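Consider the two complexes below, in which chain A is the common component and chain B and chain C are the respective partners.
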Partner chain A sequence: MNPLLGYIAIAAVTLATAFIGFFGLRISRTTQDFYVASRTVRPWWNASAIGGEYLSAASVLGIAGLILLQGAGGLWFPIGYTAGYLMLLLFVAAPLRRSGAYTIPDFTGARLESRLVRRLTTVLVILIGWFYIVPQLQGAALTIRITTGLPSWTGALAVSVIVGLIVAAGGMRSITFVQAFQFWLKLTAIAVPAVFLLITVGREGGPGVDLDAAFPAALGPASLDVYSTVSLVIALLLGTMGLPHVLVRFYTNPDGPAARRTTLIVLGLLSVFYVFPTIIGLLGRAFAPELAASGEADAVVLLLPSMVIGGLLGDVLTALVIAGAFGAFLSTSSGLVVSLAGVISQEVAGGSVRGFRIAAIASSLVPLAVALLLEPGGLAGSVGLVFAFTASTLCPVLVLGIWWRGLTARGAVTGMLGGGLFCGAAILLGPLLAAAGGAPAWLAAALAQPAAWTVPLTFALTVVVSHLDRRRIPRGVDRVMARLHVPEGAA
Partner chain B sequence: MSEAPGASAPAEQPGPAEQPAPAPSATPARLERVRVTAPRPGEPIAAPAQHPSIERSDTATVYVRSLIRSQLRLAVICATGFVVSLGMLWLVLAAAPALDQVLLFGAPVSWLLLGFGAYPAILAFAIIFIVASGRNEAGFRSLVARDTDTDSER
Partner chain C sequence: MTESVLLALAVGVLVGIAAAVLLVVAWRVIRLSRELGTAAERATYSTLHLASQAATHVRGGLDSGDPQRAVRPLRQLLDCRVLALADDHGVLAIDAGPADQRLAEHLRETAERLAAEVRAGDKPQVFRGIDPTGRGVQATDAVAAPIIAGDRTAGAIVAFSPSVKPGLVRATGEVAEWVAAQLELAELDASRAALAEAEVKALRSQISPHFIYNALTAIASTITTNPPRARDLVLEFADFTRYSFRRQGDFTTLADELRSVDSYLQLERARFGERLTLTLQVAPEVLSTVIPFLSVQPLVENAVRHGLEPKPDGGRITIRASDAGAFALIEVEDDGVGIDPERLRGILAGRPSADHVGVRNVDARLRQLYGDEHGLVVDTNLDAGTLVRMRVPKSQPQNTTTPSARM
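Now for the complex of A and B:
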């Protein structure tokens, strides 16, 4: 592959992102602008921005890679990523917007009238954010290595530096424009190559494909492991609503119904988007099975256009895909850095703009260190584990906090700590145990996909402890609940 | 950078919670600079002034609780409906391995169904929820309004 293409595509995306970021800076003035774009972003803009922020390396590269690697098991990821927004719409979107809080710790701390809950939520949000940025940086490292031949670390470094600078300079107002632009860039970057691939394959009939090798029944939908699939789906469905960069976006809606409309548009955008990585993954199974064998499955989106189409058209499509992939790393990382910087600066620096800027730089450098130290795993897989962790910690407290009067601070702390410890232990021990070998299959499965037992455990812990502690139900609970659920204009 | 507000000094302005959200149609003039600070930790997010209905009477509390119950029931029904339909899709695929042999555009129908079949269900349940939750809220509004009328007639 011609490395020049990679350089041009990456430079173009970076320049466009920086340009829109700094253009947005001109209308970003107040602290409220910095944090949540003054809460006046229109549903279509906001939905595009949410889509742009949400579609990460795992979506653009990881899903096709996983379908290539695991077969039909990979098909569950885009379903879960999209349906997570359905759960978010059903359980948190409008009430959370009405809460008037800026960040998840603001919400939990105020709902439960507890500094401890606030602190613990802050720590969890920062942890989740960092570990969600790491796969983005690994995706950048992979893309740079495959497309330009430079060493992996340059990709991770470039993304961290660009994101840190843009966020520190522009805040969320410009990030909203950047994210909306990124969504349409990503959709174009994956849809156009997918369509050209389909046309090429359809016209030429494709080189003789061995269907039994490409779509073997052993990897088909009928032969998926029930526990792993259910556990994965639970993690993806419930994990989305706890992701810090997703939640902060809902504060930018003008009111509760607008938050719902925005989510519906997001669902539509995601449904359209995910058709294309799925198509590329299925084509990859037919035409590029050797990538799975060589451990480069995540690169299938980058490599397939030149493998199947070739020539100048293949090169142009490859450049487009590189631009989209790089856009994904930039947008998801910057969204995460914005929400992390918001949380950190509120907690440490009293919500000042200077504190926000310093926190933004810090939030982009820590994951860089982790990404450079860790061995890269599969992109969609490592993001899936972050979803499991979020579903086991923040999701129960958010859902119960919105819908159940009986939640207490102690219940929330016990649930978050218990769920976080068990899920974290499973994530850390799982690979060690798999490497050591000899563990019973059920244990390996339970550690590899922990959500099916850690999420119910967290809910149970939170409910039981809250119930034992029911004398300490926050005094202001009725007022807060009314604020969350009473529609605008009913007074 | 110098245009950014020097918000590092503690300000006495009310936190964001007290600021009513601007109505979508009436965006305030953007020239006015308002200093906004983070809510102090533990500060309640509820602003009683915004919702007189809440403080007014026990009836109002009852209305709010029943609104919450009906919204929760709706959300649980939609979530269950979606999960059940997803499970049904999977069961059908598992029960009919013959679908692996049926080809559409060169790929097995079973793979295509799993790959593309869930999205219409997701969108359908989302639309049902938005319409129904809007209705619940409209019902609540008219209850509160009727109550206010009877109060004033007395």
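Now for the complex of A and C:
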């Protein structure tokens, strides 16, 4: 295709993001009688913003790629990503919103009255955030390489520099509007090509799809390995709670009912969105089976429109997909960088504006280094591992901290360290073992998808150590618990 | 779920438990090996360790602390059979070794009597031949010492031992004095906290009378010329005072505070008319930020009174609130007459002045609550307008707002 259209798409998305980020707030009102209540963020806006921040490279590119590679197995990712919000809604969102803590380290530090817990949570949040940005940069590298022919490092570099500069310059002041815009951009960018593809394929005399060949029954849900699937679903369900940029968004809701409504809308928006990558993945199996190789499969969303439709329309649709993909890299990375820079600057630099800027630059450069050093894997798979790590470290401490008064600082620290250690080791050893070969199948599976055993491990470790340490249950636990669980307005 | 998943779950739980037990054992071993030393070192260590264990539970005061947990290390410290801790109203806690649990129950009344007896004096007393069960078995001696904190007797400790020797008497006296010292420290803590709270309350209460005076003059000016308008204004005034005079909570949300700013500006417009324009730029992300109660309104009031009022053709007030990482940045700007920076410095430093009470007050409260780096930042000069900036941390799990009263 013509690289020029690709450049234009990328530039347009970047400019639009920066413009809304800097000037969204300036659309101000000069009214004679303002009423604040009517100016709060509507649940629809907020839900769009959450969707915009949440739908990362893994969702826009990775899922279709995974369906192309694995067939039905890839479907668990959209289900898990969406249902993770249900877990968040059920167990965490409302109590955490009432806690008054703005970040996860703030919450654990205040709940357990311990600086050590706070520090450790901060380190984990930063690590998780960085490793969550890495797949975004790898996605950018892939997109640039496939669509423009430039070397892949330029894509990663471009995204991290753009994000670092925009955030450091204070361009995310109106982040809710930026992210809401990004959601609708991503939805358009994937829905419109999917619809055009369906029209082309389904019209009279079109190529048509041999469903039995594209999706043979042997590759259906029955063929899936139960352990790996359950483990993956556990990771995706529980991992969402610990992501640093997800929780912050709930504070924008004026009250609890609005927060619940927002979550409901988010569930709907995500469900609608994920229909389209699934369609493209299925069409990819029919029309581009040659892409089904590790590292290339994620490009199916980018390549399919020009392969199936071709001509100018194909090029324009490809440019639209590029815009959506770039929107995904930019929005998820910038949301994460804002959260991380806030946490880092507060912890290290006492929250100064200068500290925030330096932290923002650092938070976008460190993942860049990691992304350039690491061999790119499948996007959805790498994000899945980050979810597994989050589910094995932060999730148990959050859930127990909210629902169990017996949690102590030592229990939380050993739980997070132990879970992080085992899960981290599994993630690092898994590929090595697979490369060496000869490992028994059950061990390979347990290391490739560790969540099914590391999450219960962390829970057990935390509960047992806390129980043995029950003399040190924090003194203020009754007060904190009351604040977390008594609904607003009942005090 | 099939076996493989259940197996993974079970393995996870078991490895977790095993790791936890292993850690705790390793921790104990390390601590034991650290305890080895000369006999004197070990004695010092165990004494100090027991004392610090007890201290955490006594430091809350006898009634609000946890006396049952405090009395166990104290009994181990004195190495006696049963130890009771009593205050003015009776025995708070009694502790005995595992073999003496029943004995402790029998001794509760005795301990109460001995504690009452010894509280009258100021020295430890020894009581011999106490027969708790009345059957002549398990007869015991006791030593009781009053706890004298400051100039009043806060309670007493009573130690029971089969035969009381002078060493135990002296040690009991020392422990009673130590507990007294801890109680004095607890009182100091409490009064320090009370002082800080009172200071905040005093600062807060300065504002309201100041405003009432201003608001009433504003209403008075419309009563004869436009009675319906005056009625609206009085209602607005009622709304505002309901917010300002609410009893509970030193904190509010930015949204609620802005609502009261709205009421306030309605009142001011009664006097200014078209001369007062307002621009608002509020990022929705920070509307739920917790801020000190009445911290924005005085800044707006200051902008009106001292910035715009002296100007014949009025002017514009701009209120901005934006999201800055972990902080919310709130700015109040006017294009009025400004103020001499030197004079302002004097006012903020606390020089007595009838003007600018509000700004000084907000500045002092912000510093007290969040630290000196969160004081107000004011950019101003004569005839150059005034820009007041405050930076409030978004995360304040320790500060609660009572839910806003719906108006």
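Rule of thumb we're sticking to: the second predicted complex is superposed on the first by the 455 of 491 C-alpha atoms of A that agree within 3 Å, B and C clash if a C-alpha of one lies under 4 Å from a C-alpha of the other, contacts with A are read in each partner's own complex, and residues count from 1 in each chain.
Just so we're on the same page, contacts are C-beta pairs under 8 Å (C-beta built on N, C-alpha and C of every residue); 3 or more make two chains touch, one makes a residue touch a chain.
Since we're looking at a predicted model, the values are computed, not measured.
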Message: Just checking: does A:A110 make contact with chain B only, chain C only, both, or neither of them? Give me first, second, both or neither.
response: both
Message: Taking the superposition on A as described, I'd like to know which of chain B and chain C A:A101 touches: first, second, both or neither.
response: both
- request: Give one of first, second, both or neither to describe whether A:L238 is in contact with chain B, with chain C, with both, or with none.
  value: neither
Query: Who does A:V163 touch here: chain B (first), chain C (second), both, or neither?
result: neither
Task: Give one of first, second, both or neither to describe whether A:T414 is in contact with chain B, with chain C, with both, or with none.
output: second
Message: Applying the document's definition of touch, where does A:P456 land relative to chain B and chain C: first, second, both, or neither?
response: second
Task: Name the contact category of A:V353: first (chain B only), second (chain C only), both, or neither.
output: both
Field: Which superposed partner A:H485 touches (first chain B, second chain C, both, neither)
entry: first
Statement: Dual-contact residues of chain A, meaning touching chain B and chain C, are 29-32, 34, 39-40, 99-102, 106-107, 110-111, 254, 346, 350-351, 353, 480, 483, 488-489, 491
- request: Provide the residue numbers of chain A that touch chain B in the complex, in ascending order.
  value: 27, 29-32, 34, 38-40, 42, 72, 75-76, 78-79, 82-83, 86-87, 89-91, 94, 99-102, 106-107, 109-111, 113-115, 118, 169, 201-202, 206, 209, 211, 215, 217, 220-222, 224, 229, 233, 237, 254-255, 257-258, 260-261, 263-264, 267-268, 271, 274-275, 278, 282, 286, 346, 349-355, 403, 476, 478-483, 485-491
For the chain C and chain A complex, residues of the former touching the latter: 1-2, 4-5, 8-9, 11-17, 19-21, 23-24, 69, 255, 258-259, 262, 266, 269, 277-285, 287-288, 290, 322-327, 373, 393-400, 402-403
Task: Quick one: which bits of chain A touch chain C in the complex? Just the residue numbers, please.
output: 25-26, 28-37, 39-41, 45, 99-103, 106-107, 110-111, 170, 172-176, 226-227, 230-231, 251-254, 338, 341-343, 345-346, 350-351, 353, 356, 414, 418, 422, 442, 446, 452-461, 464-465, 468, 471, 480, 483, 488-489, 491
- request: Name, in rising order, each residue of chain B that touches chain A in their complex.
  value: 1, 3-8, 10, 16-17, 19, 21-24, 27, 30, 33-39, 41-48, 50-55, 61, 64-65, 67-68, 71-72, 75, 78-79, 82-83, 86, 90, 93-94, 96-97, 100, 103, 105-108, 110-111, 113-116, 118-119, 122-123, 125-127, 129-130, 133-134, 137-138, 140-141, 144-145
